[in-house]
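In the two assemblies presented below, chain A is common to both, partnered first by chain B and then by chain C.
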Partner chain A sequence: MNNQRRNVLKTGSGAALLSVLAAAGIITPGMALADWNKAAFDAKSMADTLKAIGAGTPVDSKDVQVTGPDIAENGAVVPVGVSSTLPNVTMVAILIEKNPNALAASFTLPEGTEASVQTRVKMGQTSNVYALVKSDGKFFMATKEIKVTLGGCGG
Partner chain B sequence: MSMNRREFLQVMAVAAAGGMSLHSEFALAEKGAAKLYDLPKFGNVSLLHITDCHAQLLPIYFREPNVNLGFGDQFGKVPHLVGANLLKHFGFKPNSIEAHAYTYLNFEKAAETYGKVGGFAHLATLVKRMKANRPGALLLDGGDTWQGSGTALWSNAQDMVDACKALGVNVMTLHWESTYGEARVKEIEEKDFAGQIDIVAQNVKTADFGDAVFKPFVMKKMNGVPVAIIGQAFPYTPIANPRWQTPNWSFGIQEENMQKTVDEARAAGAQVVVVLSHNGMDVDLKMASRVKGIDAILGGHTHDGMPAPVAVKNAGGQTLVTNAGSNGKYLGVLDFDVRNGKIADFRYKLLPVFANLLPADKDMQTLIDKARAPYLSKLNEKLAVTEGTLYRRGNFNGTFDQLILDSLMKVKDAEIAFSPGFRWGTSLLPGQPILMEHVLDQTAITYPWTTVTNMSGEMIKTVLEDVCDNLFNPDPYYQQGGDMVRVGGLQWTCDPTGKMGGRIQNMMLKGKPIDPAKTYKVAGWAPVSEEAKNSGAPIWDVVAEYLRDIKTVKPINLNLPTLKGAANNPGMA
Partner chain C sequence: MANPMKIRAANKEGVTEVKVLISHEMETGQRKDSAGALVPGWFITELTAKHNDKVVLSSEFGPSVSKNPYLAFKFKGGAKGDKIVVSWKDNKGETRTDEAAIG
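Here is the complex of A and B:
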């Protein structure tokens, strides 16, 4: 375990760290809000979300990977990642079919960015998790079921 | 009539003196013992494997299950075979010592004949015997070693830590160990085990940055051959057990990281790559079909004492998958013949540990006696006598679990009771006294609190569906490896082949259907949520109170669900 990094992060000021990242050009102010699609995040169902994004009927693709646990350790913070080897990816979105609002995250990728994102999502129940990727202006999708259980009774 | 074991033996001794041949079968077994344990040396890489002993330092009785169902791809396949089907598959004769070692068949009579199984002093003798003609052999421990007895709980796992060091364990992985908390596990790793036992787990990472918590693998050189031992801890520890006990650790199957670790081990020169796994056998079989470059997965968790490995084909060739049972009952011996950097051939044997056929190792016995001494008066309290066999293993219920359910319903004045489908817990024969130690063998955990909950009929169904999916989800990666939650008071039907939400049917209480909107008083124990800490008296006190009161446990009627779709299943007898 990298205790040095852990301690630096624990003792260091969060604000200072953010300013370092900002200074390095890794994040820029306003970046997060630049492409906020309110209609998509407000949509309830998968179909309405895809419509709001303008994704039509995405094609299932083997070149899109969803990573995450088979069974969530904590439904409140489920680590989910999406990566793709498709060319010119400009957008990656994560949709949770059974969530009250299906769209959990949407990433806008500047040109030349490797299509690989990681985040944490909240899940109230077992659901299919969809990764939506926009490549060369077309939409592609992949899915993985993540189970959310009550726990206990094992072993 | 109720007779304890000592009284029974005395009566039988009198009968024997009268000319009745008491131990003729055992005498034969004793003669056959040399043959049973005479395993000729083979090859140049030897791995000895124990798993899931659940802190049983002394010999015990352990009844194998008569219900271990598999459906879909798992129907009728190892390990989902019981009784005569298992004997037939592995080629053992009925009524043989092997039949007793691997199945429940004829349990009471065979247990009387062959005696107790396991015990670290007897295991130590067997390990020494195997090591004698296998220079450099490694002893691997698959985990669930520190939990399962009163002495392990009260000594904070110290008795097992000391016993494993004395036994000569080289590498181990984890499951219930983690329920002692992160700090205790790391303390043992860094202090007690330093320089002697490596804890390996490629699938345990810090929850924040994903850093490795333990070594993913260790490389050991055996007779000049580099051998990598990769660890796979129980993937669902923070789900099946309380997450608050390991708040900073994240688990999971981590299949991609497993492949990466195998590739790293190969790149580092490993000529043999073995995974020491606590996945459970169905998960191991699936993993073996998808990850390339593993020579063998030595598995545990599901307590399947499988006499022979399953060879699984995959894109990289073949992976052997074994499972070495539970409660110290077996020692797995895997020998590889490695020539020119490649495995040319192998041998595997799962040796049953019959305490009467292996003399106790004196040093180990002394260590065990010393560890138990402070607790003897508590352990030896006689609570009651059982007239029938008490056991736990089986997909749906066991007589010891029924006893726990009956205790909960009586003491907590509840109409329904739930008890977790744990697969550990020893067995008692008819006439044996039930000591406090035996109750602890079924209940000794670090979150033993009892609960009483007012639950809606709808919630009861949700709970049962949830646990049932952990057992019967067709995809092994979504299974958690325990048995079905034991249910008291409630009659129900189970269709294991159904979909989530449709497996639990016809729930009835005292002849009336369960009303989804009505509230029922439900007793249980082993809550995983942090809020339920100290919710009620530890379960062992509740069971002890019940037993002291009734004094004699009549042969128990199991509350079992009506099963659908399980007729003719080779995993049911």
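Here is the complex of A and C:
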């Protein structure tokens, strides 16, 4: 088994590695990653993005929180967190209104995973940051303005 | 191949918090190099985290996630020594999988 592992590591690289691992039964097919929602990530405006996600018109909710700095000195690394006290949250997404593509990241939360996600995003300029949360099949939203003094897109 | 991810997972009162630091360029595809040519986009598109064999988080990233992405999330359950496996895939089809034990 150990020898096999060595060989797998030696021969594999990049995408080839995954298929080799899959073939060897080390990674089960269930591990295959979900399809990337290209339409949502390509959408430029907030409205188009929401449409591509299928969110319609989300309702503003006090039970959704966006955390982040009020002023970000460096737009290349802006810590943003989303949390919610709503029940049965199945999806969380971070949208930045004035970025070239509004959607930064979306997370699918299976049962048992808490509605609390933190990450870091790039912001080209001062913008509203939206947290989109799907709870019990309905979409809710919260907003926070983050001021950027130095853009994150080579500005 | 890309550098390994740094994964930390800790269980506190029945909730496991997982923190992941990934080494990746996350090039947006909007930047120009010194010659004025557009630098092609190169970023992680999908990331999945598993606790033992159960998926606890699946996410999709766009190019506006920062370089060397950081991610933190929490899930109910998990015990010391349990395995956390995180894998990502980028838009060039490169993938990487790393694992850590809950401490």
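One rule holds for everything that comes next: the second predicted complex is superposed on the first by the 115 of 155 C-alpha atoms of A that agree within 3 Å, B and C clash if a C-alpha of one lies under 4 Å from a C-alpha of the other, contacts with A are read in each partner's own complex, and residues count from 1 in each chain.
As a convention for this text, contacts are C-beta pairs under 8 Å (C-beta built on N, C-alpha and C of every residue); 3 or more make two chains touch, one makes a residue touch a chain.
Note that this is a predicted model, so its numbers are computed, not measured.
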item	value
Touched partner set for A:Thr85, first chain B, second chain C, both or neither	neither
Touching partner for A:Asn128 - first (chain B), second (chain C), both, neither	neither
Touched partner set for A:Pro69, first chain B, second chain C, both or neither	first
When both partners are placed on the shared chain, which of chain B and chain C touches more of chain A	C
Touched partner set for A:Thr113, first chain B, second chain C, both or neither	second
Partner chain in contact with A:Lys147 - chain B first, chain C second, else both or neither	first
Interface residues of chain A shared between complexes with chain B and chain C	79, 152-154
Residue ranges of chain B in contact with chain A within the complex	144, 175-176, 206, 208-209, 211-213, 234-236, 238-241, 243, 250-253, 256, 301, 420-424, 462-463, 466-467, 469-470, 473, 477-478, 480-482, 485, 500, 526-529
Chain C-facing residues of chain A, complex	13-15, 17-18, 21, 27-28, 30-31, 33-34, 36-37, 40-41, 76-79, 81, 96, 99-101, 103-110, 112-114, 116-123, 152-154
Chain B contact footprint on chain A (complex, rising order)	1-2, 5-6, 67, 69-74, 79, 126, 145, 147, 149-155
Chain A contact footprint on chain C (complex, rising order)	1, 15, 26, 28, 30-32, 45-46, 48, 50, 53-67, 69-77, 87, 89, 92-95, 97
